[in-house]
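Here come two complexes built around subunit A, the first alongside subunit B, the second alongside subunit C.
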Partner chain A sequence: MAAVSGMRERIRPGFSRPRLPRKAGFLVGSGFIVALLAISYFVPTPYPPNATDANQTFVPPGAAHWLGTDNIGRDVLSRVMAAARTDLPLAILGTAAALAIGIPLGLVASTRSRAAGLIMRCLDMLQAFPLLILAIVLVALAGSNIYNIIPAIALIGGPTCIRLVRSAALSIRESRFAEASYAMGSTTSEVMRRHILPNVAPNIVAQASLIVAGGLIVVSALSFLGIGIKPPTASWGAMLSDGRDAALIGYWWVAVIPGVLIFLAVLSFNLIADGIEGALHGD
Partner chain B sequence: MVTDTPLLSVSDLYVSFPTPRGVVHALNGVSLEVHAGKLVGVIGETGCGKSVTARSVLGILRPPGRIDSGSIRFQGEELLEMSERALAKVRGAQIGFIPQDPIAALDPILRIEDQFANVLRAHRPISRKRCRDLARVALERAGIAGPDRVLRGYAHQLSGGMAQRVVIAIATILDPTLVIADEPTTGLDVTIQRQILDLIAQRFRTEKRTLLLVTHDLGVVAEYCDEIFVMYAGKVVESGAVQRVFGRPSHPYTRLLIESVELRRFDTGEERPSGLLDLVNYARGCPYASRCPLADDRSRSEAPEIRELDGRMVACHHAEEVLAGAAPRS
Partner chain C sequence: MSQQPLGGSTIKDGPANAQVAGRSISLSFPSRVSWYAEHRQLINYCLKRLAFIPLGVFIIVTVCFALVNLVPVNPGRQILGDLATTEAIDAINRRLGFDLPISDRYVVYMKRLAAGDLGTSFYTGASVRDDIARLLPRTLELTLPALVLAFIFGLFLGWLTARTPVRLSGRLAKGVYTVLQATPEYVSAVLLILILFSQLHWAAAPLGRMGIGDVPPKPVTGFLYIDAILGGRFELLPIMLNHAILPTIVLVLGISPLFARISRSNFREAMSSGHVEFARASGLPRRQVFGYVLRSARAPLVTVLGLGFAGAIGGAAIIESIFSWGGIGQWAVTAMQTLDLVQVQGFVLLTATTSLVVYLLIDIVVAALDPRISYGRS
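What follows is the complex of A and B.
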């Protein structure tokens, strides 16, 4: 990927654009995520996130409420902090589920077995669906339980994970070192465990970061639609949804702040993935 | 001929690769015997099936290659009928493998000591410390001066020669009876090639190990091996003791190989057949007929059986003429 874009830039120098060095992107992205997690977990919220105050509705950002209050007087800062403790773990747990399914299935899919064919055909079938919509429908049907979001993320992230692991495993299996290991008495599963997995690991980490980003979008989309996370539990998507009418009449902070946080968090995970990819391809 | 049972005997092995453009007949009835304690060379041009033969023995044929028929017996046991589990025990422990391109043969992200550990642990439970001790001794015997530094390092930190020494140490760490080396010196520069081959030959002679050396370098076989198998188009065309075969070749192809090295006949501007062998449209007669100066109607219609002549085996209708040196040595 990196080589291709590099080539294009050399051929058409007029179209090259200045871009953030990948290492810097990685540092910014991981820095933001670490700060976000640290603040939401270790800094006490200034107000209880669900406490309403009828006298303090739509207070603009200021000294008392740094990020203002919403239509029923809840502190926006407290709520976005509490929401981070709901949204991020869900996205990360969903990613863990995607990896737990994707890595073994990807390895199986890289063999020349019947199961491999079956897995790949199932993936082809899934590809026919718009996965985000499928996930929304599934969670809506399964009931508004917060934990139903985890399999929904796994459904979206799993297939890409399977394909990634499979293609990497296929190319590593053909390598001379995997072959030599096999010729020296390692079984197929030992070759997978000792050579293929460690070699794919960095790619998996990069992919995982992308799945977290996607998972965050799923969590936000679902809670925006009022599925999965029930009010009054704070969630960025739900806050965005609650504040969108108020934004039209000038109370912008209620919707914009969670919206910007979703954007920055998703961007950060993408920057992290991009940085790892860059390191893998040496640029 | 030697009469005791051979350590490794491949008989009538057929291997083919089905491809979209037709079935490639890589091996067409290869038979060879390797006796314990001998250094045996397998030689031939690209595509003659020498590597495929070695890979078949090790069970690492690349897809879509498949063994159609034949038998591979090691210490009297049929490898082709063994279960995967039983084979995994034989590989490494009894048959070692020295692959070509040593740097690529080492996992780029594992420390060298872990690669030793992987091979050792594939065969028996063993502690980390014991692994390291065994690896250290093996590296020293492979002529590496500072084994500890190498063990902690990675493949990319090694030179080609060092990497090949490491690979040889790994291949012999479980004390295998037979070691198969597939072009062990390709990619190494000439002085290093010599060091590596000297190392292999000396060690194997003193340790009474058996070597099956696959190479396209005639000089290497002439210098280091006891016996030779000359392959052409997936068949053994001539085999026997190195001095006998090289001293007086009886197959026109062997003779061509020797001439091409000794006399540099290729430099005289003479036409020589070249290009890759066509193994899809496999001819009925002698596979070498299309290139052979001695080929006649019989060669083109009837494949020569391998037979004994003058103390070696040869597959040619005109072997006597070649042996007598009567034929045109153009």
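What follows is the complex of A and C.
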């Protein structure tokens, strides 16, 4: 056994090694997200997230406040936990909306109907708009309800989802089993439900993970700018923005902790997508 | 034996066409046909795409109008605040034309746009068109150099990961790419300010283009660098460059993953193509092989560079706000925060029209670069 693997390594150095980081990345990513959700939902916050304490401002991380306190004495750990309950569901719900729009429209767009042409023309048109800017504008104009962020994420993620489902459906439709199903009298919708959708599902899951990552960036950007999510509500982007001034005078933890959490969460969703893609393409 | 067509003078139809796998592929023979005949397909394609511009602009303009007029914002209430009386609010709305029915407002809006009037700000009363003309150069001074640097850096990363995915350099590049891709620009901006300015004092303060005591150069072109040179204020240049370092780094780190991703997949494809493998097998120098790879991957690279240009106006909005850069992006962020509808509308109009034109140029350049693309269908 050892000799065989040794030979293989000599012929193509590192041939079997690149598999591991991908798998490990997938496990680490999904593990981090599950842990984050579990901790923020099931573990009680050590302090009320919005409770201020004038005697405890800018306490460095320590025994009483594990991650320190901010400029008005709020516990940073409690606030990042509360923020996870705001930010992650928004990104996930936005992705769900993107999929709810993207999957049916993508399937319709893969047919030869007139509606398919119309959908593709609309997508071409939408491409001219810088979607992130349009989404921020929509949230800004629609008012300070945080749920307005959900359609904004759907607007950004929907078009990529439609394109993905369409191109995958187009290639699967040409395969033997889909052709056989047509030959046996299945209707287009039956073929879609039984053959196309199950085969596109892994790609959709990978794409969904990327949309959640993008959605999280949008949610945090909006709350960083103070658009959509209003001050007392804890959100990673808003905490990062609040922490900027504190960081300038040396209180690094107020900004660094939410910043690192945004990074880790986005990284995790990217790793999940990467792992699924890797498993699909066999490398 | 019939006469062979010698030279190109007898070929009237331009390049011959072959149908391969449902795609029309033009086979150009070296011939002396006129320039127009040779490029007829391309020219027709360009004209067809150009004809699409008016329709595209019309749709963009209409969407911008809808954006501002269909949202549940009462402009008068927004301007005067919550304590204002209903009469005062109505008076403001009447002055702004918001009391008219929506169809009339649309007509007024289109007439004004046709005259080149983008409206005036709710709060400052400044003309939106003048603001854009004044602030746009400042944004381009930040985004264009950053775009070029990000392109070079992204290609470098993509080349490293495509060339030797299993070697240490390739793995490091992959790691750098993975980290950069997961770091939103505002996160890296805050962290870099914290480390490079607050702790190490290497970078300039994130408070604009120059020190607080420095008098800006007399505005001539709007580009501060050029104005400083024209006005003979050479002492300002190092100060401005010093202030530009940090935002430029942040932007480069933010944009380069896009370039790295596209270049990696296209480099890989190009490296497995026959002529590149042959070049490597022949032992050609690495630089020359890279030249071949770059050549075969040029069409997608041009596309993605164009996408970068399209995003150069609005893409740096958050960075501009963080560093008080004072460009069009910061102006737009302030407009969104204060709900200055006319400014927001002007900004969307500007960015969308730019994207429309840039995407069109990309299509044309790519069609000219890549002879495999058929011009017949869009």
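Simple rule for what comes next: the second predicted complex is superposed on the first by the 263 of 283 C-alpha atoms of A that agree within 3 Å, B and C clash if a C-alpha of one lies under 4 Å from a C-alpha of the other, contacts with A are read in each partner's own complex, and residues count from 1 in each chain.
Here is the rule we go by: contacts are C-beta pairs under 8 Å (C-beta built on N, C-alpha and C of every residue); 3 or more make two chains touch, one makes a residue touch a chain.
Quantities reported herein were computed from a predicted structural model and do not represent experimental measurements.
In the superposed pair of complexes, A:S175 makes contact with subunit B only, with no contact to subunit C. Once chain A of one complex is fitted onto chain A of the other, the partner contacts of A:R194 are limited to subunit B, with no touch recorded for subunit C. Of the two partner chains placed by the overlay, only subunit C lies in contact with A:G259; subunit B stays clear of it. Taking subunit B and subunit C in turn and counting the residues of subunit A each one touches, the greater count comes from C.
In the superposition on chain A, contact of A:R112 is made with subunit B only, not with subunit C. In the superposed model, A:G250 makes contact with subunit C only, not with subunit B. In the superposed model, A:G185 lies in contact with subunit B only, and not with subunit C. Comparing which residues of subunit A touch subunit B with which touch subunit C, the overlap is empty.
The touching residues of subunit A, counted against subunit B in their complex, run 112, 174-188, 190, 194-195, 198-199.
Listing the residues of subunit B that touch subunit A in their complex gives 58-60, 62-63, 84-85, 88-93, 96-97, 99-101, 104-110, 118-119, 122-123, 167, 170-171, 174. Remark: subunit A residues 13-15, 17-18, 125, 127-130, 132-134, 136-138, 140-143, 213, 217, 220-221, 224-227, 237, 240-241, 243-244, 247-250, 252, 255-256, 259, 262-264, 266-267, 270-271 touch subunit C in the complex.
Subunit C meets subunit A in the complex at residues 56, 59-60, 63, 67-68, 71-73, 165-166, 178-179, 181-184, 186-187, 190-191, 193-194, 197-199, 310-311, 314-315, 317-318, 321-322, 332-333, 336-337, 339, 341, 344, 347-348, 351-352, 355-356, 359.
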